[in-house]
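Sharing a structure, written as structure tokens. Questions coming.
Chain nomenclature is as follows: A, B, C and D, assigned in order of appearance, with residue numbering initiated at 1 for each chain independently.
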Amino acid sequence: MLDISIEIISIISFVAGVFFILTGSIGLIRLPDVFSRIHAAGMIDTAGASFIILGMILQSGFSLITAKLVFIGIFIFFTSPITGHVTANLARKKGVNPVGKTKGKTL
Amino acid sequence: MIDQIFGVWNYWIVFILMMIGLYIVISKKSLLKKIVGLAIFQTSVFLLYITFGKIAGGTAPILTDNVNEIYSNPLPHVLILTAIVVGVATTALGLALTVRINKAYGTINEDEISASDLVEYHEKYLEDKN
Amino acid sequence: MIGEIIINAFLVTLMLTIAIFIINTRKVISTILLTGTYSLVAALMFVSLDAVDVAFTEASVGAGISTILFLAALSYLPKEEKEEKFNLKHIYAICTCTIVSGLLIWASYDLPLVGQLENPAHQHLAQDFIEGSRNHIGIPNVVTSILASYRGYDTFGETVVIYTAGIAVLVLLHDGVSKISKINKEKK
Amino acid sequence: MFLAVLIALAISFLLILVRLINGKTTFDRILAANSIGTIIVLGISVHGFYMGRPEFIDISIVYALINFIGTVAVLKLFDKGTLGDK
């Protein structure tokens, strides 16, 4: 019973992770400017990666692999927002302007 | 049939990658781009060697308790491990040369470098003549 | 088993795509980013071809240190390539490359298929090394035991090469004027 | 199941590669390169599970570190114009 429920939860988290990754990569193509694309990239790096790593943790049981996966998850979860922040900051500094409804407004 | 195609597909693409590296080295004028071309060529050679060592259904050559396990051939891995590190040393040397050339000539374009060399030779020739 | 061969074929085709796009980029920074991605895909390819140690080295050295070296060099170099018209030299280069790759592909029909157990490369030394690593040396990682013991001289030569390259880089990037002589000049 | 995840990762790799190749500004390219790094970290782990020997996740740890350091180095080069050695 426990085995089956763990299997089902891991499949659900895989599906969620794949959904977030595909959504993020489509957003990375479709969205209009750098600042909104950072949102899509953040989706891939945090939500998608975390859900897929959660699914793998559930599959692997309790072992050294679990610890390594947890390390990868924590590292990606904390470094990706830093990268996004620095990118947005620099893009603003170098004079890239947002397009669309926010055009011309100060941030 | 599909086995036949996929059995040689790796080799084909590796050869084409090799030729793309060679094309970049021959035809591009920027010295930095030439170093990138060398890197592509190197990686394709690594891939060729590692492909020779692969056995379908085998695992990585790290011993397990199972006696009947098939391991891929570890010998190409060792050779390529050495080659990768030497390749980075080559890249570093090439980049240092490029930086030095840029300091001396003010450009890293091949044509401009040989043009300024020609001008220098010509001036020297005129001086000697007088 | 067909699954892993299809994964290999997909990854190697991906590398080809990236390499084709590297040819025509003019901004140096995007060339460097594409080269880093190329190295990453190459390392994924090594993982799928069972070469775990090679993938480890390629990840840290090929994708990491090479990219940083390129960036460090780029800070001294012009940031954009000059545009160039398609001329006769390009046609010669394309002809050379096409002929050579045609010859290589023709020759590839004599190569054994990828991944067969009875390929000639697997017949001689590999089995001895694996058994020797289990029985004589006692390290589970066969690559380490070959690298450090059976072929230790190769590794020694590699160290010499890297040392020489390091000295050459230092000599090339040196100003030619040492700090002490500068200070002496200022005193005078 | 792992094969399905691998296929999805491959598709999203291709989609992000489009953005990496014809990004409008350099920042788009940097973002895309960072995302491709994440996709490859996940791909190596899932590939290990698919092949049945998931002991090689160390490689993905190295990738995650290298990816972060590389991206920050590119951004620093853009900001200051050097990597801090001039």
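Heads up, the rule we're going with is that contacts are C-beta pairs under 8 Å (C-beta built on N, C-alpha and C of every residue); 3 or more make two chains touch, one makes a residue touch a chain.
This structure is a prediction, so every number in the text was calculated from the model and none was measured.
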Write down the pair of chains with the top C-beta contact pair count.
B-C
Taking mean CA positions as centres, which chain lies farthest from chain B?
A
Separation of mean Cα positions, chain D and chain B [Å, integer]:
22
Using the average of all C-alpha atoms in each chain as its centre, how far is it in Å between chain C and chain D?
18
Could you put a whole-Å number on the gap between the CA centroids of chain B and chain C?
6
Where chain A and chain D are represented by their mean Cα positions, the distance between them in whole Å:
12
For chain B, residues contacting two or more additional chains
59-60, 62
Among all residues of chain C, those touching at least two other chains are 4, 32, 52, 72, 74
Pull out every residue in chain A that's touching 2 or more other chains.
none
Within their complex, state which residues of chain D touch chain B.
51, 53, 55-56
Complex interface listing, chain B residues touching chain D:
59-60, 62
If you look only at chain D, which of its residues touch chain A in the complex?
1, 4-5, 8-9, 11-12, 15-16, 18-19, 25, 27-28, 30-32, 34-35, 38-39, 41-42, 45-46, 49, 54-55, 57-58, 60-61, 64-65, 68, 71-72, 75, 78-79
Residues of chain B touching chain C in the complex:
2-4, 6-24, 26-30, 32-33, 36, 39-40, 43, 46-47, 50-64, 70-82, 84-93, 95-100, 102-103, 107-109
Applying the document's contact rule, which stretches of chain C touch chain B when the two form their complex?
1-2, 4-6, 8-9, 12-13, 15-16, 19-20, 22-23, 28, 31-32, 35, 38-39, 42, 45-46, 49-54, 57-58, 61-62, 65-66, 69-70, 72-74, 76-78, 81-82, 84, 89-90, 93-94, 96-98, 100-101, 104-105, 108-109, 111, 113-117, 119, 121-122, 125-126, 129-130, 133-134, 140-143, 146-147, 151, 154-155, 158, 161-162, 165-166, 168-169, 172-173
